[in-house]
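Both complexes below contain subunit A, partnered by subunit B and then by subunit C.
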Partner chain A sequence: MAKIIVVTSGKGGVGKTTSSAAIGTGLALKGHKTVIVDFDIGLRNLDLIMGCERRVVYDFVNVINNEANLKQALIRDKRLDNLYILPASQTRDKDALYKEGVERVLNELSDEFDFIICDSPAGIESGAMMALYFADEAIVVTNPEVSSVRDSDRILGMLSSKSRRAEQGLPGIKEHLLLTRYNPERVIKGEMLSVEDVNDILAIKLLGVIPESQAVLNASNSGQPVILDTESDAGQAYLDTVARLIGEDVPFRFLNVEKKGLFKRIFGG
Partner chain B sequence: MAALQAQLQQKLAQAPGFFHQAPVVINVENAKYAPDFHAIKQLFTELQLVLVGVCGANSDLKKAAQQAGLAALQLSKNNGKTVDAPAKAVAAPAPVAPPPPAPVVQAAVENKFIEQNIRSGQQIYVKGADLIIKGTVGAGAEVIADGNIHIYGSLRGKAIAGAGGDSSKKIYCYNMQAELISIAGNYWLSESLQGEFWGKSACISLQDGQLVLAELF
Partner chain C sequence: MSLLDYFRSTKKNTASTAKERLQIIVAHERRRRSSPDYLPQLERDILEVIRKYVDIADDQVSVSLEKSSDELSVLELNVTFPEEKR
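On to the complex of A and B.
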């Protein structure tokens, strides 16, 4: 039985797909057979971030409609042989997903994989509901600013009332907070909410803090999940995040302003 | 029948919406003859009340009520506690019958206790009782109760106590950063709440039609 983890946020553009790609890849690096499912029907992005956009033949909606089987639609990652992605359809919209179909596909995946990462679309409409409905755990991606925090609060309400676990009275979805685009310098200046501020409002367990980093954009543009860029601060922060997700005890890094050494000051950091 | 209608309408006008589709049992203890139960049922339906049955009926009245599809219930021993408010008015069909002496008490409803955070967009309403929350009420969430509201956490959303119109109800919270607080229709927005008690524990009550903030401890 696979563990189903939804990566969600409510608000768009906070880093759901980047985080899904990084965390999925990280779990595969740790030796777990992982599939990342793109639920953002009509706005397919995950394939670009994972660098497999030219290999998409069949997609999630084809499988739901029995136009293709899972084996045909799953794309194996070229870097890691225990990592797969199930791309979204670009030509359809969110209404192409329905509960029974999604459940059947997730059940089939569940037999094969250790982890199923569901990359949720933004919003709180049917697409996002489909992505979170069957989840066992949720990673709520939040930027340190008020509108993102409020939207995350809203999606946390949905997780505790609209999911399968809530409807069937099972133990609730395990909720994790992933703070992305964190910039300690701007926090000190008061331009950004601090980890403590966000934690105080959302009151869920902090899974990771990803610093704002040029490496993220570079990684997206080159189709390499940022976690593979182990030199970068963002890559390392995602590695820490994945370790915590599977129960390792890892201290938090990149929370404070880094003191620049002499060489960095001279040559730039 | 017209008198009954007028009396009921007057009662309903006191708290519009409060008795909407409320289940009602009528007390016919003092009725001298069997009223037209079909007509009464019709009247209640028109007033958007749900007539469930009768209590205090003798055997003739019971039979008449049952024929009209109403349940015949035992008159409560505890001084009419289960008798809902309109029951008082329903004594009217018997022309000489005085209203039953039993004081009208709201049916005892359980307070609601919630042990989790109320997230943005969620809405909680407790009818006829208190609401107790062990957790935080997020910005954009709404908690509403006809009774008092107790929040053992931060209040960042809206809290509306005494929603049924009872001005003696209060709001207690551990950390007050509310968007709106209201008691029996009197409300303050967050800008009027900035001040001494912002971010602190507070008790909000209504005194002489004016909301008053006070220290909790």
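On to the complex of A and C.
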């Protein structure tokens, strides 16, 4: 039985796909057989971030419609042999995903894998609802910025009312907060919401804090999940995040400004 | 507390403004999420009834349903009347 984890946010552009790719890759690095499923039908992008865009033959919707089987559609990662990607379709049909079809594919994946990472599209329409419906756990990706925090709260509401677990009266989805694009310098200046601020408002367990980092764009440019850039701050922060996700106790890093300038050394802080 | 913190606390920064605004809107939206679907229509109907007698603005009526226990919910109706002209 696989654990199904949805990576969601409500708001677009906060780092869902970057995080899905990094966390999925991280779980595989830890020895867990993992598949990342792209639920963003019509706007496929996980393949680019994972660097397998030219190897897509069949997709998620083909499997749902029985035009291909899972073996044909799954793309095995070139770097890690226990990591797979199920790409989204480029169809413009909004109703290409439906509960019974998604459930069948997830059940089939569940026999094979330890973790299924569902990369949700932005918004609260059917694609996003399908991505979260069957989840056991949710990683809510949030930027320290008003619209992102508000949309995350909205998604938390959906997780607790519109999921399979909610509808069937099962124990609720386990919710994790992943704060991305965090800039400690601006937090210190009072220009950005702090980890504590966001935590106070959303009140869910903090899974990780990913610093704003040039490594993220470099990684997506080259189709390498940023977690493989183990030299970078963002890569290390994702490694910590994955360790916490599987129950390890890892202290938080990159919450403070690394180098102390002359001004700060004089005035403290 | 450092000297820098002292100066910082005298000027209100944008992050704390953001936090205050978020706390208010998120609390408001959570309340609405947990209330029944008919509540907005009920609020509009009540507004119409009161308007037959008193001229009030849209935001002068607020209706909320608070669940105080398993068996009891309280419908709270708040109407702000305009100041009487003398």
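Heads up, the rule we're going with is that the second predicted complex is superposed on the first by the 256 of 269 C-alpha atoms of A that agree within 3 Å, B and C clash if a C-alpha of one lies under 4 Å from a C-alpha of the other, contacts with A are read in each partner's own complex, and residues count from 1 in each chain.
In this section, a contact is a pair of C-beta atoms (placed from the backbone, for glycine too) under 8 Å apart; a residue touches a chain by one contact, two chains touch by 3 or more.
Source: prediction; values computed, not measured.
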item: Residues of subunit A touched, compared between subunit B and subunit C (which is higher); value: C
item: Which of subunit B and subunit C A:Lys189 touches, first, second, both or neither; value: second
item: First (subunit B), second (subunit C), both or neither touched by A:Asp153; value: both
item: Partner chain in contact with A:Asp197 - subunit B first, subunit C second, else both or neither; value: second
item: Subunit B and subunit C footprints on subunit A, overlapping residues; value: 150, 153-154, 157, 161, 200-201
item: Residues of subunit C that touch subunit A when the two form their complex; value: 2-5, 8, 13-16, 18-19, 21-23, 25-26, 29-30, 33
item: Interface residues, subunit B side, partner subunit A - complex; value: 116-122, 135-136, 138-141, 154, 156
item: Subunit A - residues contacting subunit C, complex; value: 145-146, 149-150, 153-154, 157, 161, 187, 189-194, 197, 200-201, 263-264, 267-269
item: Subunit A residues touching subunit B - in the complex, by the definition given at the top; value: 124, 150-151, 153-154, 156-158, 160-161, 200-201, 203
